[in-house]
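Below are two complexes that have chain A in common, paired first with chain B and then with chain C.
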Partner chain A sequence: MSEASGLAAALAGIASLKTAEAPDAKSGCQGLHTVGREAIVEVGRVFREAGYMLEMLTALDMRAAEQAMHVVYQFNRFGAPDRHRVRVVVPAGEAVPSLADLFGSANWYEREAFDMLGVRFDGHPYLVRILTEEGADYHPLLKDFGVAPAAAEEAAGG
Partner chain B sequence: MKETPPPPANATTEELLTQLGPLVHLDVLENLLNQARARSLWPLTFGLACCAIEMMAAGASRFDMDRFGSGVFRPSARQADVMILAGTISRKMGPVVKALWDQMPSPKWAIAMGGCTIDGGPFKYPGQYAIVEGADKIIPVDVYIPGCPPRPEALINGLLMLEQKIKAGKKFHV
Partner chain C sequence: MAELIQIASDEDRDTFYLNMGPQHPSTHGVLRLRLHLKGERILSAEPIIGYSHRAHEKMAENRNYIQFLPNPSRVDYLSGMIYSIGYCQAIEKAIGLEVPERAEYIRVICNELNRISSHLLWFGTFLLDLGGVTPFLYCFDDREKILDLLDLVSGSRLTYCYGRFGGLVNDVTDDFLEGTARFCTAFRERLREYDRLVTQNVIFRNRTIGVGVMRPELAQQFGITGPCLRAMGMARDVRRDEPYGIYDRFEFDIPTRTASDCFDRYLVRIAEMEQSMRIVEQALAKLPDGPIMAKKIPRKIAPAKGEYYFAVESARGHFGMFIVSDGSEIPYRIHLRTPSFANLSTMRTVLPGTLLADTVSILGSIDIVLPEIDR
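Here is the complex of A and B:
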């Protein structure tokens, strides 16, 4: 219990972090937070020091509504479940600080978010595509992604 | 051996050769080799997706592909005769599969196992970005086995069809 309250105190110390009133029971999240992108490394360090793991990292294409991408981090721990979701709003085309130094799992998650949605992560040791073919020049999960270029099929050996 | 009438005295050399057939029969050796090739198909050890599970089942004791000489999965492309494409070929994997195929020595054959390797199967839609729509876009395929995934019996049937194709002796192989 003291661990959890320590976490809450540490999170309260981060100026740009806003926490939602009610937990999201549907997704099992005990805490829903929004934070400025300059503070995400600090948030990651707080969770890391409290013994949490980075459970999930993805991005959302919200450019149509608010000209921004949302990067979503989900932290959880072994033992008593305590899931926290942290959302960072990034203006379209701008980069987010990388968590790869804090969490090993962030390395591939960030590469995936970059590959699928084109979000760049500052300070990532090896930010190259992870799932799509070599030489691809598209980000397939963007809302305005239409048809894969025909050239891509040829590159696959067709 | 059937009797052939003697050629007319004024026949040209070309007519003589046409009537008598080839003077040297390399076919005999080739047919013998094809019999051997058909009965000891060594597949390359690799699987791409869920079809590979059925392929492993076909190789294991219950279905036992070894009964047909096809159970000797080779871990090196240099020793393999047949490539069993078992599963979805993603675009990222496409060039790798092509490289493996190029590393296999001739004569070599390919079996497309399952819907994904036939034409992309359930992952095919206009504008998809993830998969190669059919193994024959990358390498020449000899036998197509439909199914999702095909049962081990179907794979064995495919291997037997490939054996027939090899024993037929035509220059099918690459």
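Here is the complex of A and C:
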């Protein structure tokens, strides 16, 4: 069994994982998946055992449309890209299990997602702000956080 | 001052915490390291970042794609050209815009010149950190020539905004082409001079060989990319693995080393400058005539609703842009995956067990640029 089909088989074994049909080349990804948050650690383990790295982790504020946050994980291997984007939809205000035990890089990526968008990660060893100041009470990348003065002016008809 | 140095606990009075930075000259910008020390030996290290956070990702959500053009080069001011052109390429791919041949070649020339200038600055300051002042002056002399060349075509010395969606803002002049060719000839000789000046230097070797070894498993754990990864023996480079622009048309090697210590990271970067020059010379030889902007550029730059990811190889590694579009002219979200963020996060694992004095070599050898980490 090749490495790629082994990965596909392992991913197929995860009940809540839904894989999209062949992704567009423009997406930059070879696989697009959505998974329940309870299974994200399992997904992370599958990728780690297949030799993949956690290339990127970030979150999207989708509260306006879906009352939920999206946490986006991107796994890739070294060499010819086999990039998988895994999405976890989490109701606003609720936590996602941390991948910090599986990937060293998740530690900082999750801290950044928490700092910027307020997503909490259960089981993270040190979930504190990383880029903004200590003790801040805002999450700047949330859509309802501050609007640039110029944009506000425009909205007011000025 | 009370906070700066404190005794850990009563039981362990010979260990203490030390803040290195954020104003320490060897932290290249504003990085703070919270070190737990026992004598000279590091027990644990925690890099503290965010001092130059300028909210580039938030800015992206408050302006349209065109207005965001000047931002990417300010994210990493040492490889600004690569970032700025990379952003153009990301948007061009998302909206399906073809770039004229001539512009593609000029982009490659400018990118590679920028890579050399970034490596030169790294080389100079790395040696400066280790106490060698002379190479720094030589490097800045050469780097100045590149900055002048890029200034000639783009109008800026560091934070370039040379790319446009569909091409470039200016065509290159003959001065630029001749100057670049002259630089390449002269720089080959200079590289040999640097090699004689530095590589065999016994102090330099003692401070770098076997110092700051990154174990191979860290590559996968932390997603290390760029010269740090190549010094681990892995010939991985975005230009080769998923060629963007016209990088698949050039012959170049991916230099690797295997010991993964500071010395190997130095050798990899030196060899990369040589390879970049090979690419520049090939591009100069093949540079076609023609327009530098695509003919039909949409009036509205608005990628179709969806998510896009595009990666380029910056001087420090894999720079990825994750662009989420809601179909409007204003990005819904742009996340910048920067290489040094991942590379620096390994320090929590690499530094413990090393000596305080080696911290300077190790930090220097991973080539961090703090604004790129903080974004």
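By definition in this document, the second predicted complex is superposed on the first by the 144 of 158 C-alpha atoms of A that agree within 3 Å, B and C clash if a C-alpha of one lies under 4 Å from a C-alpha of the other, contacts with A are read in each partner's own complex, and residues count from 1 in each chain.
Criterion: a contact is a pair of C-beta atoms (placed from the backbone, for glycine too) under 8 Å apart; a residue touches a chain by one contact, two chains touch by 3 or more.
The structure displayed is predicted, hence computed values, not measured ones.
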(message) After the superposition on A, what does A:N107 contact: first (chain B), second (chain C), both or neither?
(response) second
(request) Considering only the touch criterion stated at the top, classify A:Y52 as touching first (chain B), second (chain C), both, or neither. (result) second
(request) Would you check which partner chain A:C29 touches, where first means chain B only, second means chain C only, and both and neither mean what they say? (result) second
(request) Tell me which partner A:R83 touches in the superposition: chain B (first), chain C (second), both or neither. (result) second
(request) State whether A:V128 touches chain B only (first), chain C only (second), both chains, or neither. (result) neither
(request) Mind working out whether A:Q74 is in touch with chain B, chain C, both or neither, as first, second, both or neither? (result) second
(request) Using the touch criterion from the header, give the chain among chain B and chain C with more contacted residues in chain A. (result) C
(message) Going by the contact rule set out at the top, does A:P140 touch chain B (first), chain C (second), both, or neither?
(response) both
(message) Looking at A:A64, would you say it contacts chain B, chain C, both, or neither? Reply first, second, both or neither.
(response) neither
(message) Quick check on my understanding: which residues of chain A belong to both its chain B contact set and its chain C contact set?
(response) 131-133, 140, 145, 147-148
(message) Per the contact definition, I'd like the list of chain A residues that touch chain C in the complex.
(response) 24, 26-29, 48, 51-56, 58, 60-61, 72, 74, 78-81, 83, 85, 103-105, 107-108, 116, 129-133, 140-141, 143, 145, 147-148, 150-151
(request) Give every residue of chain C touching chain A within the complex, in rising order. (result) 49-50, 53, 55, 57-59, 61-63, 93-94, 96, 218-223, 229, 234, 236, 241-242, 306-311, 318, 320, 322, 324, 332-333, 335, 337, 341-342, 345-346, 348-349, 374-375
(request) Under the touch definition given earlier, write down the residues of chain B that touch chain A in their complex. (result) 90-92, 94-95, 97-98, 126-130, 132-133, 137-138
(message) Show me the residue ranges of chain A that touch chain B in the complex, using the header's touch definition.
(response) 131-134, 136, 138, 140, 145-148, 152-153, 155-158
